[in-house]
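Following are the structures in question.
Presented sequentially are two complexes of chain A, the first with chain B as partner and the second with chain C.
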Partner chain A sequence: MPFRAKFSDARTWKRIVDAISVLVDEAIFRANENSMRVRAMDPSHVAMVDIYLPAGIFDEYACSGEVAIGLNLDEMGKVMRRAGTNDELELVLDEAASSLRVHLKGATTRTFRLSLLDIGGEEPPTPSIKFNVEAKMLSDALVQALKDAELFSDHVRVSATPDGVQIAASGDTSGVEVKIDKGSEALLELSVAESSRAIYALSYLSDMIKAASVSETITLSFSTDMPLKLEFRVLGEGKVTYWLAPRIEAE
Partner chain B sequence: MVNPQLSREACVLCKGSRLLCGKPRCPILMKVQYFVPVKDAVLKQDISGSSPPSFFVGHFGYPQVFAGPMLPPVTGEDTIIFDKVEEWFGKGIEEILGYRSLLVRGMVRANVKGGWGRTLLEAQEAAMSFKPVDMEFFLEKTPRFRVEFDSHSQPMGPTAPLKILKVVGEPVVPRKVDRVVGDTDLKASEGVAQLYLEGMPMSYISRLFSAALLGVEKDRRLVPTRWAITATDDIVSRKILSKVKTYPEIDKVLAFRKSYLDNHFVILMIPHAWSFEQLEAWYPGTAWLLKGKRPIVVGDYEGYGGRKNYASNVSGAYYAARLAVAEYLERVKKQALVIVFREVRPGYIMPLGVWVIRETVRSALKSEPQVFEGIDEALRYVRESLKLEWEYWRTKSKLLELLFKQRTIKEFLGF
Partner chain C sequence: MGVNLRELVVARQISIGELSGKVVAIDAMNAIYQFLATIRQPDGTSLMDRMGRVTSHLSGLFYRTINFLEDGLKPVYVFDGKPPALKMRTVNERRRLREEAKEKWEEALARGEIEEARKYAQAASFITDEMISESKELLEALGVPYVQAPSEGEAQAAYMAKRGDAWCTASQDYDSLLFNAPRLVRNLTISGRRKLPGKKEYVKVEPELISLEEVLRVHGITREQLVAIGILLGTDYNDGVKGVGVRTALKLIKEHETLREIIKVKSYTFEVPVEEIERIFLEPEVTDNYILKWSPPKREKIFKILCDEHDFSQERVSKALDKVEAARKETAQTSIERFF
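Up next is the complex of A and B:
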């Protein structure tokens, strides 16, 4: 068996699948003996997700060689919605049948068989950017700020000074500004090399934050008119990173 | 009470459906109702003829609605055109109003969920027919002398409560329709999609949907005609778009044009992941903007992920145009970012239903497009094709704004 992995709590896997399906309908999970990875860009090329799951965060993990598992996330998401709160999850690659078996073990043992997608393509590189702002904060603070912003606009202005992070949105005549100041309990760490500001589409950012809010804290990095990087941890060493290209208000 | 903030744009946004003005009936619709002379032949208590067939469900008083068949005092297979909007494109307003003013609507009060009497059940059975069905109406009184207008549905003819309905002819039901209607475990959305794939016209599918003939048994209910039209446009276009979104992007920028009944359309397609926007400019003197000096532009859009709520600015026309666009993209097996510009000039004096949009966009997309190398060149063509100053459109378009302002991750990968 070239690939087999186990989570004692099936919901962990559900969150990972949800975090990817925010951007794409299909994805390739690449695994080797050390880790499992997913990297995907949304069809409009505006955002990207990069997931790194080291073997150690799984309760059991075995993989021989490099395997690529192409999955329909919609189908996988439906299966995971059927998982109970105390279910244990096991994924087993069945290369002969060109499918992935999903075992959910609770009071009963259920085995779902998902056919593998034949999707190829190079793994895209991630942007290498020098960030002037890096802020670690409570994810709920950001969730609430974006909900406020959604009342007025479809995009937000994110800015940072050495004193804190600000999130603002405005409509034709009204608007909102949310301040997350240094020293407040919502802002855990802040490093600002240079005061920065950029605009991002809420349709993407809200979905990303919603997926990230399964983690209590998130790290936000950005620079003026550059992509935003949003990172959160899964079971300690696991990492989900989103990239979101900015909107430029020139003209 | 009239909300002063809403006053100018209110009618264009509402189109008689949301009654933003606070009045119990839309005053604009009330006014045009008396515009059309009704022929003497329909002002009778007993009517016999061939129903196209046609089945109408009103939305006032929902879930207690008026529903029933429509019947012209004309016998023969030709009456099918009275309700088949797919065959109306290109016809003049007078001809269409002629069809509709001949259709007498026999009304029965009914709960949408069921408990229907024999009259409604027989009308429902006749509604399944693909061809006209001979029937007789015995009305409680002479029909009221009017034609009713609605932004979504085609105009409706004179109306009276139906006392007795006699279905004389045999409904002709295609086997595939019989199978879908008979399948009471099949979801309505699946039924709609299947009938479309079998080649059934939209007007036929929305009639079946409206007449509570589709869906899981316990969920079947009468659906007001105007809602059924938009629901079927929405269901079918979603179905097609789920495939379209897997196709490659178009190679060049394309623009299509078509005008009908002083509705002027320009459809712009740009190589990009699927996105859709419809912008509508209503001139003063058109159905929904009788007064005022300046035109009003309204719009709705969706990105690759689709809409999560109703396109309430453009309303039913959005879904009708999106269907025609989805059909085109499925035909050429490509995806694109599509903007539909609709300029409604003063010749469009009364609303005729969203079929005007669906059929005009379908027709536009069967014509040869103008092909452009770049977006700027294409936008110049769009500007020249529209009468209204470009500034009105540009400032309203969310997709153009995105296109010009939204950067992509690729730009930061150092390719």
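Up next is the complex of A and C:
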């Protein structure tokens, strides 16, 4: 068996799959003996997701050599929506049948067989950016701020000074500004090398934040007119990172 | 026209907004031809100014480009140069069909059959040298770049996309895929709805994105093999093999791997050496000599061309330009690749 992994709570895997399907319909899961990783760029090349799941966060994990598991996330998502709250999940790669077996163990044991996709293409690199702002905050504060922004616009201006983070959106005549100040319970850590501001599309950001809100806290990094990096943890050492390219003033 | 790969390609619907901030290399002749064919009065008469000069191409080019700019696209129009010698047959055949259609249009008009007339009028559309120079002049005034291809415009557009100077090509024809464009967007230069031929019904037409890599991967073929399929089906440079459709062509190339082998096994004959047709697609004549720069529309210049010379409504043109100015103040989505 080249690859086998187990989560005692099937919902953990569902969240991981959901976090990727925010951006892509298909993805390659790359596994080796130490970890499982996914890196994918959305079809419009505006955003990326990078997922790192070390072997230790699984309840059981075995992988020999390097394996690439191409999956249709829509199909995987549908299967995971069939998982009960107390179901245990086991993933087993069946290379001979070119499929991934998904076992859901509750009162019964259900085995789903998903065919593997032959997805080509190079793995994209990650953006190399010097971030001037890094803020760790409560996910819910960000979720609420973006919901406020959605009332007025399809994009938000995110800015930060040493005093806090601000999120603003405006329509033709109306608008909203949300302040997440230093010292408030919503802002856990803030480091600002240089005051920065940038604009991001809500169509992407809202979905990302929604996926991230499974974690209580989110770390957000950005610089003026540079991509936004959004990072949250899964079961301690597991890490999901999103990158979102900014909207900038037309040249 | 071009190679019909419809059954072979995998197309994904996209919104124009998804192309925001991206450079789109538009097959100019293809776009202008569509404007001439579709922007017409119900009986098939083109839009004309008071001197009786056709203005359908200017109307289409202006309002369509305005929409692109408003959505944050960076259009660049690529014009055909001298067609490859092998295309002369196609060029002549098209001319014959147009002349035939023009006669039928006039006959239908005389009989008072409006629907028939419109159908033939569309088929009779042709592009004059004057239309091309007017179009280029209008693009200059709009602050939108154009590139003069040494030969086929689609080959040049594909080359620019392959080099990364453009994100995709835009045309109704599939040929730019054979010319190695990584991405092709169709239905971009036609309006949001298309009239069904012979009916008074319209269908909504959405832009679609086709990825060359995906087409090749799905069918397990190389680009050279895709070109071979094109040649078997028929291109602007050769007639296809009678009785060979997309499915058969795909099966043949997978079984025999190369066009040469297929020709040998099946004893197919072509009126021109296939090596020459292949060379047009695989080693097309293209140029590096272009500069892509977008600047604000020059209002006065545009009024002069459209309103003073060709009787466009000053109010409508002015409104359209206002929209672009408002959009220029807005922001454009960047691509994440820019930051790798």
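We adopt the following convention: the second predicted complex is superposed on the first by the 249 of 251 C-alpha atoms of A that agree within 3 Å, B and C clash if a C-alpha of one lies under 4 Å from a C-alpha of the other, contacts with A are read in each partner's own complex, and residues count from 1 in each chain.
One rule holds for everything that comes next: a residue touches a chain if its C-beta (ideal position, glycine included) is under 8 Å from a C-beta of that chain, and two chains touch if they have at least 3 such contacts.
The model shown is predicted, which means the values in this text are computed figures rather than measured ones.
K.L.:
In the superposed model on chain A, is it clash or fit for chain B and chain C?
P.N.:
Overlaying the two structures gives a clash between chain B and chain C.
K.L.:
Return first, second, both or neither, reflecting whether A:A55 touches chain B, chain C, both chains, or no partner chain.
P.N.:
Neither partner.
K.L.:
Touch test for A:D118: chain B only (first), chain C only (second), both, or neither?
P.N.:
So A:D118 only meets chain C here.
K.L.:
Could you look at A:V46 and tell me whether it touches chain B, chain C, both or neither (first, second, both, neither)?
P.N.:
Both partners, chain B and chain C.
K.L.:
Pick one for A:W243: touches chain B only (first), chain C only (second), both, or neither.
P.N.:
The answer is both, since A:W243 touches chain B and chain C.
K.L.:
Considering 74-82, 92-100, 128-136 or 254-262, which region of chain C has C-alpha atoms that clash with chain B after the structures are aligned on chain A?
P.N.:
Only 74-82 shows clashing C-alpha atoms.
K.L.:
Share the list of chain A residues that count as touching for chain B in one structure and for chain C in the other.
P.N.:
Common interface on chain A, chain B vs chain C: 41, 43-48, 124-129, 201, 226-227, 243-251.
K.L.:
In their shared complex, at which residues does chain A touch chain B?
P.N.:
Residues in contact with chain B: 25, 41-48, 124-129, 154, 201, 203, 226-227, 243-251.
K.L.:
Spell out the part of chain C that touches chain A in their complex, as residue ranges.
P.N.:
Touch residues, chain C against chain A: 12, 14, 18, 72, 209, 213, 217, 294, 327-340.
K.L.:
Can you tell me which positions in chain A touch chain C when the two form their complex?
P.N.:
Per the stated touch rule, the residues are 41, 43-48, 118, 120-121, 124-129, 155, 199, 201, 226-227, 243-251.
K.L.:
If you look only at chain B, which of its residues touch chain A in the complex?
P.N.:
Chain B residues touching chain A: 245, 272-275, 303-305, 398, 402, 404-414.
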